[in-house]
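Here chain A shows up in two complexes: once beside chain B, once beside chain C.
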Partner chain A sequence: MIHTLAFYLFAVLVIASGAMVVLARNPVHSVLWLILAFFNAAGLMVLVGAEFIAMLLVIVYVGAVAVLFLFVVMMLNIDFAELRAGFIRNAPLGAVIALILLAELVLGVGAYRVGIIELGTPDGSAAPLLGESNIENIGALLYGRYLFLFEMAGIILLVAMIGAIVLTHRESRAHRAHQNIGKQVARRPDDATEMKRPEVGQGVEL
Partner chain B sequence: MVDLTQYLPILLFLGVAVGLSALFVFLPMGVSRLTGAHNPDAEKLSEYECGFPAFEEPRDRFDVRFYLIAILFIVFDLEAAFLFPWAVSLDLTGWPGWITMMTFLVELLIGLAYVWKKGALDWE
Partner chain C sequence: MTEFFQSLGMNYEWAWFVATIAGILLIALPLMLGVAMIIYMDRKVWAAINLRRGPNVVGPFGLLQSFADGLKVFLQETIIPSAANKGLFIIAPILTFTVALLAWAVIPFGPEAVLADINVGLLYIFAVSSLGVYGVVISGWASNSKYPFFSAMRASAQMISYEVSIGFIMVCVVLWAGSFNLNEIVLAQKGHGLGFVNGYFFNILLFPIFVMFFISALAETQRVPFDLTEAESELVAGYQTEYSSMSFALFWLGEYANILLMCALMSILFFGGWLPPVDWEPLYVVPGIVWLLGKIVFFFFMFSWVMATVPRYRYDQLMRLGWKVFLPLSLFFVFAVSGWLMLTRFAA
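So, the complex of A and B:
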């Protein structure tokens, strides 16, 4: 009973905040609605028993990705009123993409229902694979059977890190003046001054 | 089906948090509304004499270095998140799992060394 209630609460909130992401006038508000959608998706994940995914959603998506979205939205400084004027023009393309995504969803769920994809049973009551909990199962698979894919993920993260630095990091613009006391103290008058005795009417060549 | 009763403490915490934050927001508003005189006019609402009107929008462009910090944060955040399932499943994966994670950590450590050496962690 409470399960069903919680499911409908989370599902309605996800869809509503997803719609608000698209409909909000201010892109910063869109990002905030997106964060609400992430939270409710995490709630849905808890309901199906995927606690680790729920935790990842909150930690990674809400904690990091949403912040990154905010940065991007604030950094681009786009004239959004002008951007919105192209809505009608771009609407068919958006509709096509939405249809493709819908078709993929239908195909995926349909194949799962028919039984081509082995994920367990549709009601989520499949017997645990190896360990006791979901997280243990994920760990056993990720660091056992799929360890090379995991290492590849690590390499991709490394590439992302280095790429971000290559793209955005600037070397310090000006050479900063450091005081070298030893050099200052060791400086003698002979190093600093030079006696010249120019002829009358001649200049000094430095 | 998931046993939802174990989430009851979290729900209680959430309720307490919502209640407290609502109290902090609305109590001062209510108290000031009830105890103070409330008749604003244009002069009163204008900037005070040593303040000044805003020249530009608050949503200003800012430095790309914030973005770099955020990306680095995401990478190490993910690294920490990957440690959780590794830690609880170590009895199932054994030494291969341990070596896998250590390799992963070394990969990101190389990245950290690169970041550090490039001076991307320094602000100036």
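So, the complex of A and C:
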């Protein structure tokens, strides 16, 4: 009973906040609704017993990616009138994307009804370990059968990261003052100050 | 506790429901009391280090000071700036406070005394504590004012930076314990150091990690020397500038509940949680919660000590420490710990 209740609670919230992402007038509100949608999707994953994925979803998407997203949207100076003016022009493109997504959904449901997706190898070496926690299962699959794909994903991310750094890195010709932290930390009062005891009326020579 | 309510004649579902609600209240209410007392302790420790008396007027030794402050704040008027985004402005402190309480669900106070004994306990804490940044960011943005906004910007960058190294530090402990479940992590520390010290701190590979975790915890909870989000000399009061009355008090309570959580996490991950400090039979007579609370108070004393003695970091120093020192160091320790475990535990 409580499972069904929880499922409908999370599912309704996911759909409602997903709709609000599109409908909200303020972009910051949109991002916050998106975060709520992520969070409730994590709740759905807990319900199907994928608690590891659910936690990762919260840590990676809600805890890190969405924060940066929110950060950027808050910094941007968005003109609402201009946003609304572009709606009519972009509507056909949006409709095409919506149709493609709908086709994918139908295809996905159709594929799911044919049979479950085969995850392990036939000899059972990297098949999900029944009765083990899903952390161990994911580990066995990622570092067993899908090791090559997993490492390839890592390389692709590395290339993307280096690409982003190269694109945004600007070699400045002008002289820039660098801070040498080691030097700053090593500085002692004796290096910076000098004790003087001037005679009356003599003053100090700098 | 479910069995107890079942023995009162409830069916299983109702007994579970009532037991869970009772468990939540059993954690949340003493936690609020603990936060009130810990604020008092914080002020007393600073006062002692500054050679002052600290709060000593309300109640015996000033013990009731926090409650007097709470009452004062409760009676004040809640002011919402006219240019603020009203809904988000009110939601932000509630969010901070709720998230600070949420993580306590998986903290084990004893072998059986844990509300939710889930097998991804540590990941849950990590996930929930990464939500804490939203309270700050939303309040900074919704206040529609300069200083809170600066503070929100600082907070989001700072907390993401230090979460990365905290994640790697947790991975080291998890590798050694072989589990994400907090109770199993505690049990794995039994007699870890030389066969009689309960705790991972007594380990050459894990002690440096503990030191890094302590510093990262200071940064994650925005305590001095990393309290750049509410640096009063630069940003008035940071994200709290526009808040008054109860909405301010919720930030305050949430902040201290988070600090207590970090102290509890340090004692669970590195100092054996509810285990006594030494693996000696007579010490197990004392209930585990006493040991855990003792360790939490000890770490909180360290937090106050740091606050009273260390000046605030510059923002570039903070970022440098997070990304250029802690990230490579913690990555190195993940490598070192897993290498050592492969050599010793899984060599065959």
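Methods note: the second predicted complex is superposed on the first by the 147 of 206 C-alpha atoms of A that agree within 3 Å, B and C clash if a C-alpha of one lies under 4 Å from a C-alpha of the other, contacts with A are read in each partner's own complex, and residues count from 1 in each chain.
Going forward, contacts are C-beta pairs under 8 Å (C-beta built on N, C-alpha and C of every residue); 3 or more make two chains touch, one makes a residue touch a chain.
Everything quoted here is computed from the prediction, not taken from an experiment.
Visitor: Regarding the shared-chain residue A:Val72, is it in contact with chain B (first), chain C (second), both, or neither?
Guide: After superposition on chain A, A:Val72 lies in contact with chain B alone.
Visitor: In the superposed model, which partner reaches more residues of chain A, chain B or chain C?
Guide: B
Visitor: Looking at A:Ile162, would you say it contacts chain B, chain C, both, or neither? Reply first, second, both or neither.
Guide: first
Visitor: Which holds for A:Met20: it touches chain B only (first), chain C only (second), both, or neither?
Guide: Neither partner.
Visitor: After superposition on the shared chain, which partner residues are touched by A:Ser133: those of chain B (first), chain C (second), both, or neither?
Guide: Both: A:Ser133 reaches chain B and chain C.
Visitor: In the overlaid three-chain picture, which partner chain does A:Leu142 touch, first (chain B) or second (chain C), both, or neither?
Guide: First partner only.
Visitor: Tell me which partner A:Leu9 touches in the superposition: chain B (first), chain C (second), both or neither.
Guide: A:Leu9: touches no partner chain.
Visitor: Identify the partner contact of A:Leu32: answer first if only chain B is touched, second if only chain C is, both if each is, neither if none is.
Guide: second
Visitor: For A:Val58 in the superposed arrangement: first (chain B), second (chain C), both or neither?
Guide: Second partner only.
Visitor: Share the list of chain A residues that count as touching for chain B in one structure and for chain C in the other.
Guide: Comparing the two interfaces on chain A, one with chain B and one with chain C, the shared residues are 2, 28, 52, 55-56, 59, 63-64, 67-68, 71, 74-75, 133, 135.
Visitor: Any idea which chain A residues touch chain B in the complex?
Guide: 2-3, 6, 28, 46-49, 52, 55-56, 59-60, 63-65, 67-68, 71-72, 74-75, 77, 124-125, 130-131, 133, 135-140, 142-144, 147, 150-151, 154-155, 157-158, 160-162, 164-165, 168-169, 171-172
Visitor: Within the complex, which stretch of chain A touches chain C?
Guide: 1-2, 28-29, 32, 35, 51-52, 55-56, 58-59, 62-64, 67-68, 70-71, 74-75, 133, 135, 179, 181
Visitor: So in the complex, which bits of chain B are touching chain A?
Guide: Checking each residue of chain B against chain A gives 1-2, 4, 7, 59-62, 64-68, 70-75, 77-82, 84-90, 92-93, 96-97, 100-101, 103-104, 107-108, 110-111, 114-115, 118-120, 124.
Visitor: Along chain C, where are the residues that touch chain A in the complex?
Guide: Those in contact with chain A are residues 13, 88, 118-120, 123-124, 126-128, 130-131, 133-134, 137-138, 141, 149, 152-153, 156-157, 159-160, 163, 167, 180, 316-317, 320.
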